[in-house]
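The two complexes that follow have chain A in common; it is paired with chain B in the first and with chain C in the second.
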Partner chain A sequence: MALAEQKTDLAEARLAAISIPQAGAWLSEARNAAAARLRRMGLPVGRDEYWRYTRPDTLTSVAPVAAAVFDAQDEVPIFAEIETLHIVFVDGVFDAEESDDLTGENLEVARLAEAGQADIHWAQQLFGQLEAAAHTHVDRPLAALNTAIAPDGMLIRVTGPVTKPVHITYRHRDEHSDACLHHVIRLEAGSSLTLLENGPAAARFNKVMEVEIADRAAFHHIRAQGRDHERRAATHIFARLGTESRFKSFTLTANGVMTRNECVIDLQGDNAAAHVAGAALGDGDFHHDDTVFVTHDALNCESRQVFKKVLRNGATGVFQGKILVKEGAQKTDGYQISQSLLLDDDSVFLAKPELEIYADDVACSHGSTTGAIDETALYYLRSRGIPRIEAQDMLVLSFLAEAIDEIEDPDISAEIILRLQGWLARHRH
Partner chain B sequence: MLNINNLHVSLEEEDKAILKGVNLEVKAGSVHAIMGPNGSGKSTLSYVLSGRDGYDVTDGTATLNGEDLLGMEPEERAAAGLFLAFQYPVEIPGVGNMTFLRTAVNAQRKTRGEAELSAGEFLKEVRAKAKSLKIDAEMLKRPVNVGFSGGEKKRNEILQMAMLEPQMCILDETDSGLDVDAMKLVAEGVNALRDAGRAFLVITHYQRLLDHIKPDVVHIMADGRIVKSGGPELALEVEQNGYADLLNEVA
Partner chain C sequence: MAALDEITAKDGVEEETVEAVKSLAGAYKYGWETDIEMEYAPKGVNPDIVRLISAKNEEPEWMTEWRLSAFERWQQMREPDWAMVNYPEIDFQDQYYYARPKSMQEKPKSLDEVDPKLLETYTKLGIPLKEQALLAGVEAPEGERRVAVDAVFDSVSVGTTFQAELKKAGVIFCSISEAIREHPELVRKYLGSVVPVSDNFYATLNSAVFSDGSFVYVPPGVRCPMELSTYFRINAENTGQFERTLIIADKGSYVSYLEGCTAPQRDTAQLHAAVVEIIIEEDAEVKYSTVQNWYPGDENGKGGIYNFVTKRADCRGDRAKVMWTQVETGSAVTWKYPSCILRGDDTQGEFYSIAIANNHQQADTGTKMIHLGKNAKSRIVSKGISAGRAQNTYRGLVSMHPRASNGRNYTQCDSLLIGDKCGAHTVPYIEVKNNSSRVEHEATTSKVDDDQLFYCRQRGMDEEEAVALVVNGFCKEVLQALPMEFAMEAQQLVAISLEGSVG
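Then we have the complex of A and B:
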């Protein structure tokens, strides 16, 4: 079968298997347009260059692979100590009982499932738009699929500074659940928001988050993808940045047989800054893929990509990261680092860093390394009386530090460090 | 305190003998100095005593207060009271100097069955000791040795020693890289720790450090052995005449 045909068939099969919920005109149109995009692109297959290091089959199949539900009784839920506006989805279904009232100062929060019934809604200017614009250099069909079929998601409009973070928890209760959520976030000029996300969501999770950050607005995003080992996830973040705006996203991934996190950032206003970071910890049949695409299309913008992976017992880490500097995007400061710490000889790290630059006055650097625990440093710590295990943990955290440093709030980074330590304590020989 | 008997050590990887029968006894309350040409095995001796990987002990023993050092893990040796100020202190990005110090102090206390220091107690102590070594608060916050100058690294080693209060202190060329004033500070730091229950083994190439830290015994190491021992005058002899005469004499 020809490649294109095979890909289209996969897409058709997926669309056919789903009954898309009724919605108002704007949402139906957006969904139909996305379905048309998807049909044109087809779903990814292993032979696609962009899927060279990650097998897409379990993410594209009609039915998800079942995933045992995991109950972390040894830890309190992450971010539980932080006062937030809490929103809960269970297997991708909104849980009104568990969620707080969707109101807050400088916030307009609505569910896609409800707002989509209305004739008009602010989100219609954005829903599916950033996703649609993100296929120019490479296809991202799983995101188009999401726009076409996601029954729900949060639409969040921020009109000023929001002090209490919005926190979305994704619970997983059904072994066979296949969740699909699409969030749209718009930060109006000068506003700010911190968004926390955690949880495995489902046996399989496809999530898209479109974020528009207007001039001088700031968006902080910290997520912890659940500890359920068997879950699978394909996520996309699409961010568009205005003048002097800030975007910061950090993801902790501990466990997960299959995770593909894509982040597509478009720096469109001058003097904007986008930082995206990740710390991933994998043991055994763990596959984690960070795929990032940053476009500089304005003056004097800064971007940082910091991805660190700790791998053992045959775990696989993937990084595909690109910085594209468009013509005229002078004074661009682009930085990209992807590193793995292999705790044994069985694990693999595959990295594809790329730079494409069409402006002459730019400073871009990228680096990728694979290494083991530094024996000299380990000996140094032990010679001061620190036991081997503790010394090794210190070195793992030291390896991850540059990524964790991207979290601005010390309470939140303390939560993340606690999880990292917990993982290290549970994953010893 | 420290007893080294006929110690033979080869490199694990190359099967090359480095130490060829070292004998040394350092008693509590004393200061010994080891001098010797480059490559004679001084650092190797300090690494083997503190438990670095990569060496095979092919013969001999080393004990600290009667306990077999060579059978212990590096952290056990530290808890038993051994400390090595490194010739080349190691940089550890991402681990704050303060966190490192506190983890080390408390780990040792825990191993010895003592109560951990509270954050407040620790802070007070570290500030006072850092101040006497002219290590500023900024340096304490930075990652361990990262971006420290050569002299700052050496002072940081002495700060660790001051905090850990070991019984047997080995200083491997702590003076190299130090300016005159820093050398004095470091010597003062060492002298402040001198007492009847503690001993020092100071590896150095220069008489100058020994002006500040007065040794009881000076040893000359050459080709993996201690070839001559004597009083402080031996260091002066090296300073004036180099090793050639001395080595010819023993050969």
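Then we have the complex of A and C:
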């Protein structure tokens, strides 16, 4: 069939253009298996239903599209005031000078490039495994590509509560860089970790993060995907949750030409909770796609998806969300909301919020709304003497509030709100 | 209904609801067959069969060509596989595409000449084919509305009632085969203009082999004096029914159209692939209501009708209005998305659906609201109920084109699961390309309008009572969208409450 051929040709071309670095037995094996998966699936094309609303061509092409580098001085560094274990990648390459010592209490941190040289490593139980398990309903070939070719990434094992967040910054310096990173995070029973991520990373960025959260462990993730950059990114988070564990992820995306953030969550232990939220601000040549797939496979679990998008000047926002409740996953509480605020007539919002439910004692709901700023609310604020622009900002921020509320740490959410206000100030006209 | 009896309803689902579903899921009442001599075209489909069907209907050359080109397109198409339904591969060559009672070889001139066995069949189904009130020259008793019926039996239309009276009003109501012969200018102008020949696999097959169906033309400014209806009956074994309905509501006219269908109980699955096209001009309004009660198969999933239907209304003129109401209780597999193209400005599209799937039934149904004109409004209310081992999917599209400014859409789809072996799924597509439109999609019972709740609570109701009242009123609203004639069947559904439902 022509379509299947086209997809495998794309995959072969991508694999042929890259020389995968030498590694030890476990990593080589995982990479080869991923390459085989990729060859079977092929890379996505526009005719794939899962790529109905986002054109994958710039994410799958052999060479990336160049992206102008923005002056880092122009940007107030985010999370700078927070004490963290700081790790820096520049165009996808680890920067030892800028990074802190990779040690910490209850933490075991290693680089994939180094740990992968060994013949055995704890991460081999997970690396590529969660990704491989996530192709059941739909293929996610960009993630398989990542597993096959990613030269580096962080392997983080958490053995107890970690008070200082791990903070990964992705800097962009080369107009033509094509970065690929694969992180593996394992939270042992009862442990906790906050992970911060920020930066545009590269002209094109493909990132996979596999997270295993053991019983009663808690994982918080907050990321800010750079600002005013022309970058393109395809990211995947694969999370597997044990009994009574917690997963919380929030993403702020302010501009960027192309972003596809996929989040695949598997609730396998009873009484677990997973929250995934996003706030996206787009002006002009901006395409942002949140694709979420939550599987309830245990009793009494809770999941929340909260996605808000503010779009103007022809920006496009996409949401594809799914809650799958497997047979026997009783007492599931699933919630999903996707909303967009179109600040002018040229912007576009496309959504496919899905439910697939095979258990009867569940409460699942989803909602999706699209529209302009409420003129009545605007009028109300203006009649109280608030200037139009300020009033509009207030309404935009209140629209985003439900997503921002998913951030637990008040210092971190304050930083995110500052970012939002900065964006609004810069994108008024 | 052994399968359903075993299932105990969980807390929160009212006993009444379970009873109502049980009664609907009870033994299929229309499973008998009429013993009548039939003549068949040879099994399978090919250009010769297409020509034969065309010849049987005494069609002009252009119609035969139209069918043949459709058949050619169909051969290049693949059966769609995106719906959440599973069924064994259909052998399209292993069934009959044309079957008519032998007594229909000579088309009866009036209902009096129709084979009494056929008339009996419809009497048994409760479909009145007599025009008593009219013949006696008396007014119908108050409260009793008259309905004109086009009765389709397997591949042919058996007869159409009240044609003369409708003619007086200028309304044309006849079988599509008759319309092709008698009103070729209308058929040629409109056929395939809403559902193009190569729209989808089943519609294309239908275009090639449709044997009969109904045709309605309501002239400008005419309010159709009575409700029109078509009753489809599949009787012959191993025979597919492919009917085609074409409804044209000219400027400022109004018509309400009802559709019903049943089939005998058999062990083998049967194919039904219909196309309904509705054209609505300026200021006109069409109401289309369906109670779909094809044989659903037995409790083990044996037999039943595969119902692959393409229905679409095109609101061409400004202020045109269409309303689809469907109660889907039958069929082993349902694949059906009655859609609205809101082309004119200030047009309105509505879709009300109750889909009930039990035992091994699979339903994948919903609607498309395509907003092209300005200030168009659309509303979708869908209630899905699954029991036994059934799978029930709502699939819908709401699309606001860049120039469709000030559009409004409100969508609500709720599902209710009775038992832990069935599934309920929702697959909505929402595409908004301008900011003056407002699109809202909701799928939760807890999200009852806060203002209404507040109002009820202010008057001393507790929260549960208030929710029950609001939800109940909401459900009634859907059922009230049905015409009187379906009231009996609809009443059984009123008891269904939405407690314990999921989005």
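Everything that follows uses one rule, which is that the second predicted complex is superposed on the first by the 423 of 429 C-alpha atoms of A that agree within 3 Å, B and C clash if a C-alpha of one lies under 4 Å from a C-alpha of the other, contacts with A are read in each partner's own complex, and residues count from 1 in each chain.
Everything below uses one rule, namely that a residue touches a chain if its C-beta (ideal position, glycine included) is under 8 Å from a C-beta of that chain, and two chains touch if they have at least 3 such contacts.
Note that the structure is predicted; figures quoted are calculated from it, not measured.
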| item | value |
| --- | --- |
| Fit or clash - chain C, chain B, common chain A | fit |
| Arrangement angle, chain B at one end, chain C at the other, chain A at the vertex (C-alpha, nearest 10°) | 70 |
| Superposed model, chain A: greater residue contact from chain B or chain C | C |
| Which of chain B and chain C A:D101 touches, first, second, both or neither | neither |
| Touching partner for A:M394 - first (chain B), second (chain C), both, neither | first |
| Which of chain B and chain C A:E402 touches, first, second, both or neither | first |
| Which superposed partner A:I386 touches (first chain B, second chain C, both, neither) | first |
| Partner chain(s) touched by A:I357 [first = chain B, second = chain C, both, neither] | second |
| First, second, both or neither for A:T376, with chain B first and chain C second | first |
| Partner chain in contact with A:D119 - chain B first, chain C second, else both or neither | neither |
| Closest approach of chain C to chain B (Cα atoms, Å) | 9 |
| Touching residues on chain B, where the partner in the complex is chain A | 50-53, 73-75, 77-79, 83-84, 86, 89-95, 100, 103-104, 107-108, 111, 143, 160, 164 |
| Interfacial residue positions of chain A with respect to chain B in the complex | 375-377, 379-388, 390-391, 394-395, 397-402 |
| Residue numbers on chain A that touch chain C, as the complex places them | 49, 327-328, 330, 340, 342-372 |
| Sites on chain C touched by chain A in the complex | 10, 82, 84, 402, 405, 415, 417-447, 500, 502-503 |
